[in-house]
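First chain A sits with chain B, and in the next complex the same chain sits with chain C.
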Partner chain A sequence: MFDLIRKIWRTKTVTKTELFTEAPERFRGKPIFTSNECTGCQACTTSCPAGAITLQQNDDTITVSLSYTTCIFCGICAEVCETNIIEITNEYRLATKNKNELTVSQQATLAKLLTARKEV
Partner chain B sequence: MEKTIKQWLSRMKQQLGNKVRSMEQNGAQETVMLVEKTELPDVCYFLWHEKKGRLFTMVGNDERDIHGFFALYYVFSFDSFRHFITVKTLIDPLDPTFPSVAVQLPAANWYEREVKDLLGLRPQGHPDPRPLILHGDWPEDLHPLRKDFPLDRHAPRVQSREAFMPYDSEDVTEIPVGPIHAGIIEPGHFRFGAVGDTILHLDARLFFTHRGLEKASEGMPLAKALFLAERVCGVCALSHSVAFAQAVERIGEVTIPPRAAYLRTLFLELERLYNHIGDVGNVCAGFGFAVGISQGARLKEIMQQLNEHVAGHRYLRGVVRLGGVRIDITEREKEDIVRTLAYVKKEFQELVDLLFSHDIAMNRMATTGVLRLEHANDLEVVGVAARASGRSVDIRRDQPYAAYDQVPFHVPVYEAGDVLARVRIRVDEVFESIAMIEQLLHSLPSGDTFTSLPPLPPYRSAMGWCESPRGETVHWLMVGPDQTIYRYRIRSATYSNWPAVPLAVKGNIVPDFPLINKSFELCYACCDR
Partner chain C sequence: MKSGKEQTTDLRWTLQKRMKEVLGRSLHIRHVDSGSCNGCDFEMNTLTNPIYDIQRFGVDFVASPRHADMLMVTGGVTRHLEEALIKTYNAASEPKMVVAIGACACSGGIFGRTYANYGGVGHIVPVYVYVPGCPPRPEAIIEGILLALDRYEELSRNRYEELSRNKGENRH
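This part shows the complex of A and B:
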């Protein structure tokens, strides 16, 4: 009996002694786009296991969008992106009152793409 | 060794005589025997009873597109030879029946009922005609695993054919529990026949979480299917992904680099640790020992935060890639693991001392929910439940994979088969795993963490296996054209162990059922798929 009480006393209230500040560095949270240098290579859309990334091509722009409602935070897109514009952050807070905030998009203009291709 | 296996196989061929139509190798570790379906029960019984093979898994496959027949594969594991023998038989679609093996080999019971539900192959003479995977309100003539059943087909509901044990005596009270439970647990329907408060019989109705994962995986590219494999189960996520990756690697005949093998082993042991520690705490909920529950939960949380820190995921998802691992660890993380484990080891020892010196706790655990060795053997029980009943099976030792042949470890076995023995196994394994991780970190080789896979030849099959925290898990895989899945059969540890639970609860009091159930700690999701 005394061992039990001693153990409880020594452990204290965990939620007060072991505070949760932020997720560890390696934690795979929200993927974000870091720039608009998308080349439209589609590597991310084809390898995303959840189908969370879509690519839309209009006349001279390309829009790549990623939806957190379907993303499973696996980090594959960041691994395959040839221009490294997708980065996995350790941000885990997803709750929002506005559903539109759960989709992030990035636009790249085709002209820019053409010059980018030439340089390669 | 090579020679002895050859001799052993040719002797077996002689003994079986003309019952075996042909015998061929499938990879280094598996021999496939093709038999006529009429010989199926005899050959299986011979391998199981005379040759002491363990029924490892059983797969039914719709191969009509390939050669016009259905196929059944009964896989037996011969641990002392580190070899598998698969008994294969072809079934004509015009006569979709086969003689039941389950009559003589009780472990085949569920497998055969599953084949009947999902493929419409009827085991003749099977002792239990009730549906298993699909519940009674599913139309009897619709079989979702047949290739001509479209994925998006909606099945109409019919009058239910569900049946439970009928009791004649008025002294027997029927107590239905679930599928919705008081706690936040998975769905299962338990129907007790009780005399007073003693359980006479238990009918466990599972498969409420059948999601058709195997059907969904058909035609899926292998790289994507890995994510599906990871999501078969919440708490054995890594074991399932490793088993799947091994099956793919075996078909491609690639060996993963040593560092990848070590890292897989390391993470698999971390998975075992957080599960076992949490389970020891959880068992305490079976008799309301609050200090044990909280301490178990606290230590499990520390382990899961360690997982998150080193692998990026609390349940160790995203660790495996086909051909190796995706996560490498640094020197600093090695130190973090060692430091956390040292703390957890000390704290866990204190928890165990408190639990095992508590008279009421010991009283509730000892002699409760005994699973007898004969039952465990007949049903091919695996994992913690098997080792607690004196059945020494551990696939890490018996058919080593990853780096398990590089680190020595001890496999604890207890004879009693009660709740206490199952808790003791977990406790011993926690300390074993901690010791193993220390060794693994100490001898971690340097080098690549993955290798690339060649294109896989279509219609080849292979198995991948893994000792998950609940016991051995087997993934049987056949690839189709263009690196996609043709047939994927997941046999989790819980699938083998659930049939043993009703046997272990017989004769116990109803209030002990939650405790016994917790001591088996079987999950539903990976059993139901």
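This part shows the complex of A and C:
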């Protein structure tokens, strides 16, 4: 009985007084571009379950574009990328009035593969 | 006019204050499930629990679109639920604020655009605010509501100006 009252006393109210608190550090939120090197290996496009990433290769540059509307924030693209062009942050506030704002793209220079891929 | 992202600093009663400014009274929301997986619906339910407790600001979920100012649509509109969505939209009273919650409602998400899935609420009804996320956090949904109020304020001001301009023209 007293334990229960003590527990309630210690917990106090759980209602949030601030509306926008920061998400936990390991929360998978908005993916952002952190570098401008891409090997063009297409690991991210093939591993993306929702097909949110597209690569467009020109002569020596690659345009990586990412759509937050289709993205399901699984973080696989950040895991498989060798050059760490995409990184997951804990930013979650993506609401917008304009849908075009939700597609971002990055110009990247071609980099060589760091590890040789095994031919199967 | 401040956007939703700039309003973060003060905030305890921002939502209530904005609603009083824009709508005059409280905001009632009708939830429309157009074929979602229930992830986003659960996140919307958490808005009324003791942690977020959105009812203290005057926001409430109602059981009929005729009582609602805002429609919150989850899911990427399946073929069977298209009619339900259109009927709900027609039954809703003005302002018909539509907020698309989740990746599916924004652009089809993981299902995409197929023979059974329309791939987004935007193809069927006009959408005020897109809240991406799979599912979005409850705080992100609150931000979506704030942005929808901003959008409504903008539109109603433009409409008011247009009406007053027309009145002026008629007089001369």
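The rule is simple: the second predicted complex is superposed on the first by the 87 of 120 C-alpha atoms of A that agree within 3 Å, B and C clash if a C-alpha of one lies under 4 Å from a C-alpha of the other, contacts with A are read in each partner's own complex, and residues count from 1 in each chain.
In the analysis below, contacts are C-beta pairs under 8 Å (C-beta built on N, C-alpha and C of every residue); 3 or more make two chains touch, one makes a residue touch a chain.
From a predicted model like this one, the values you see are computed outputs, not experimental measurements.
By the touch criterion stated above, A:26 is placed in contact with chain B alone, chain C being left untouched. By the touch criterion defined above, A:17 reaches chain C but does not reach chain B.
Chain A is touched at more residues by one of its partners, and among chain B and chain C that partner is C.
Of the two partner chains, chain C is the only one touched by A:97; chain B is not. Once the two complexes are laid over each other on the shared chain, residue contacts for A:41 go to neither chain B nor chain C. When the shared chain is aligned, chain C comes close enough to touch A:70, but chain B does not. Applying the stated contact rule after C-alpha superposition, one finds that A:7 touches chain B and leaves chain C untouched. Once the two complexes are overlaid on the shared chain, A:49 sits against chain B and chain C alike. In the three-chain superposition model, chain A touches both chain B and chain C at residues 14, 23, 49-50, 72. Those residues of chain A that touch chain C in the shared complex are 14-21, 23, 49-51, 67-73, 92-97, 99, 102. Interface residues of chain C, counted against chain A in their complex, comprise 4-5, 8, 11-12, 14-15, 50-53, 56, 103, 106-110, 112, 120, 122, 128-134, 136-137, 139-144, 147, 150-151. Across the complex, chain A meets chain B through its residues 3-4, 7-8, 11, 14, 23-24, 26-28, 47, 49-50, 72, 74-75. Across the complex, chain A is touched by residues 223-224, 227, 291, 294-295, 298, 301, 305, 308-313, 317-318, 326-327, 350, 353-354, 357 of chain B.
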